[in-house]
Amino acid sequence: MKRELPVVITSVVAALYVVASFLDIKAFNVMKSHLDKWFLIISASTILLGVINLYVVHASAIRRRKPGFVYSIILLAALAFTLILGLQETSQGRNYAQLYQYVLNPLSSTMYAILCFYIASAAYRAFRMRSVDAALLLGTAVIVMIGVVPLGDVLWQGFPKLSQWLLDVPNTAGMRGIMIGATLGAIATGIRILLGLERSHFGRAE
Amino acid sequence: MQMQRVDIWIAALLTLAMFSFLYKENPFYRVAEHVFVGVAAGHGVIVAVDSYLRPTVKSVVKDDQYIYIIPLVIGLLIYTRYVKSVAWLSRITIAFLVGIGAGIALTRQIKPFFLDQIAATIKPVWVAGKLGVSLNNIVLITGVVATLIYFFFTTSQKGVLKVTSTYGRWIMMIAFGAAFGNTVMSRISLFLGRAQFLMKDFLGVLH
Amino acid sequence: MTLSERLQSIDRRVIYLILAAVIVGVLLHPIGMPIRVGKETQTVYAALDALKPGSLFVLSFDYSASNVPELHPSAIAMLKHAFSKNVRVVLTALSPEGGMWANDALGVALQKYPDKRYGVDYINIGYKPGGQVFLEKLATNVKDACANTDASGKPLDSFPIMKDFRTAADVSLAASMTAGEPGYPQWIANYGEPNKVPITAATVAVGVSGAIPLVTSGHLKGVLKGMRGAAEYELLIKDKGTAVAGMDAQSLGHLTIVFFVLVGNIGYFLQRARARGRS
């Protein structure tokens, strides 16, 4: 029961969805519409999961006085502050909007802006023409790097053209091959789920 | 976004605290990092509650749409995972989400990302009077096939298969090189955004 | 330490400093390099430009703060373009932070088009959870998909624009400002393809390689490629913004990274030549 019921529900829901999508019959359309709405409600109801996990991990670090537990206190305080403010005045409130603009926005942007420097350092350290594969990777990367910015036009008119050709032809071939393969994989996984053969998403058996 | 002076200082100090990690790990960075995770997690909840959960609960009560109590309960079952004796009930929530996800994969992805991509690859290998187009088509068709063959592990890759899969790998190397070139563009843009903020809004040296 | 070793072991902080100095320096003293408008940007522009006044255009903010420099200028430029054509705009978001940025973009665009009325010429339905399933629902029943509320929690049926926006059949064009997933792949698979709605997009430059096959297969009506695409669009609508301002710095930043890659490789080949000479 504990294992079979969820498998049966998954298969039935997937099968209903597939049938409803392929048959343009009113009853099925209504059913698909309900399934979509149910999905939205169910996924919205699970939103606290991440927050609870964060709380469990950091509350335990604080209780055990693990090294750096002060940072866990800061994290939970920031979380609690955001939740209280947001629930009190909604995300459209003036103070909440300020919290987003002046705290979350700069932190989030800068966290990713740092990658600019890492990618420069990583390219310098790792990009070596050791083999044909590496030469193709490096050559394309350099041409695209120059070709996609206005500097490419200034240095040599051929840079943007070559860069565009690399993107349109060999890149399209490689990425399309990967896309076809990945979709085939997703379809195969979908069929395995529908048939109840794929169960890894339920975790380990008890 | 329009900013006030004190707020700009807060945003600028948090930005600099984050950048300080480039020199080495330090307490300013760690404080900023933990504030970021806390606020970001809280923000996700608030937006989901505001945008969907609150209005849905309201409509259940106001418009007598009691049928939607069922998916609400199914959704809430996910939290049973924290109580060991009934933890298995959380699988029912996952079952619904995965079932619909699988249904979508089986119905919506096949055409645009599989069939249409194959159709877009079937091109003439010889276009009269247009050598460039013909060569491009040949590279495209052989490139897609070779890339797929690279991932074909059912039999060991020897002879023609090995040659084709090597060609497929080269095509992918070019694709990854192009992706890297574009990634550099992305990352520099992100730093540009922060530099524009610091120089324009904070220091006022850029107009 | 030999020259080849030195060339290959520059301290990472020196690289950081030089890169930052170049970018900041060029931001302060722009060169003014000409920006050529690419074919993909022209396709996006033409798709929006061809819309008749009064038709509905859905603009989706599928990004968070971290991708703002690349995608926000595109969103603002497309919004201004739509307003200039008297096209009605529905703003939405698949990213939880997208609703905030939709409001911000509106703030900027409305400074230029202050006569546009909320609920009549445009509406912000904000972020809604569910990704691809939200789009499935949005295609068949907008009210249900949005729990009948706009971004500020007001009932959708209180706005006149919603009388003409009930299903995907009412939409003439949808554009996704995509930072990752959910983004344009979901707009194509769950909204555009099943309902024959043309889809266009702006993507972070990281995603350009993956987007091109969908442009060449006709699923995307062009694509704005990162900050460069935004700069090109700003030029097309003759309204220069932050993207155009950043292009020179972007160029020189790329050149700096290419320079360091070349230095590393020169060091590598010198080392290899020495090793060969010894043996």
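As written, the chain order gives the labels A, B and C, with residue 1 at the start of each chain.
Note that a contact is a pair of C-beta atoms (placed from the backbone, for glycine too) under 8 Å apart; a residue touches a chain by one contact, two chains touch by 3 or more.
Bear in mind that the values here come from a model prediction, so they are computed numbers and not experimental data.
Taken as a contact graph, the chains are fully connected, with every chain touching every other chain.
Of all chain pairs, the one linked by the most C-beta contacts is A-B.
Taking the CA centroid of subunit B as reference, the farthest chain centroid is that of C.
Averaging C-alpha coordinates per chain places the centre of subunit A 17 Å away from that of subunit C.
Centre to centre, using the average C-alpha position, subunit B and subunit C are separated by 14 Å.
Averaging Cα coordinates per chain places subunit A and subunit B 4 Å apart.
Shared interface positions of subunit B, defined as residues touching 2 or more other chains, are 1, 22, 43-44, 47-48, 50-52, 56, 100, 104, 108-109, 113, 117, 120, 175, 178-179, 182-185, 188, 190-191, 193-194. Touching of two or more other chains is recorded for residues 36-37, 39-40, 43-44, 47, 90-92, 100, 104-106, 108-109, 111-112, 116-117, 119-120, 123, 138, 141-142, 145, 148-149, 167-168, 171-172, 175-176, 179 of subunit A. Subunit C has residues 16, 20, 66-69, 97, 99, 128-130, 133, 136, 151, 153, 205, 208-210, 213, 216-217, 225, 228, 250, 253-254, 257 in contact with two or more other chains.
Taken together, the subunit C residues at the contact with subunit B in this complex read 13, 16, 20, 23-24, 27-28, 66-70, 96-97, 99, 104, 107, 126-130, 132-133, 136, 147-149, 151, 153, 185, 188-190, 193-194, 204-210, 213-214, 216-219, 225-228, 242, 245-246, 249-250, 253-254, 257. Subunit A contributes residues 29, 32-33, 36-37, 39-40, 43-44, 47, 90-92, 97, 100, 104-106, 108-109, 111-112, 116-117, 119-121, 123-125, 127-130, 138, 141-142, 145-146, 148-151, 153-154, 160, 164, 167-168, 171-172, 175-176, 179 to its touches with subunit C in the complex. Interface of subunit B with subunit C (complex): residues 1-2, 22-23, 43-44, 47-48, 50-52, 54-56, 59, 100, 104, 108-109, 111-113, 116-117, 119-120, 175, 178-179, 182-186, 188-196, 199, 205-206. Of all residues in subunit B, only 1, 3, 7-8, 10-12, 14-15, 18-19, 21-22, 30-53, 56, 68, 70-72, 74-76, 78-79, 82, 88, 91-100, 102-110, 113-114, 117-118, 120-121, 136, 139-148, 150-151, 168-185, 187-188, 190-191, 193-194, 197 touch subunit A in the complex they form. Here subunit A touches subunit B in the complex through residues 2-3, 5-7, 9-18, 21-22, 35-52, 54, 56, 68, 71-72, 74-83, 86-87, 90-92, 96, 98-120, 123, 132-134, 136-145, 147-149, 163, 165-184, 186-187, 189-191, 193-194, 201-203, 206, going by the rule given at the top.
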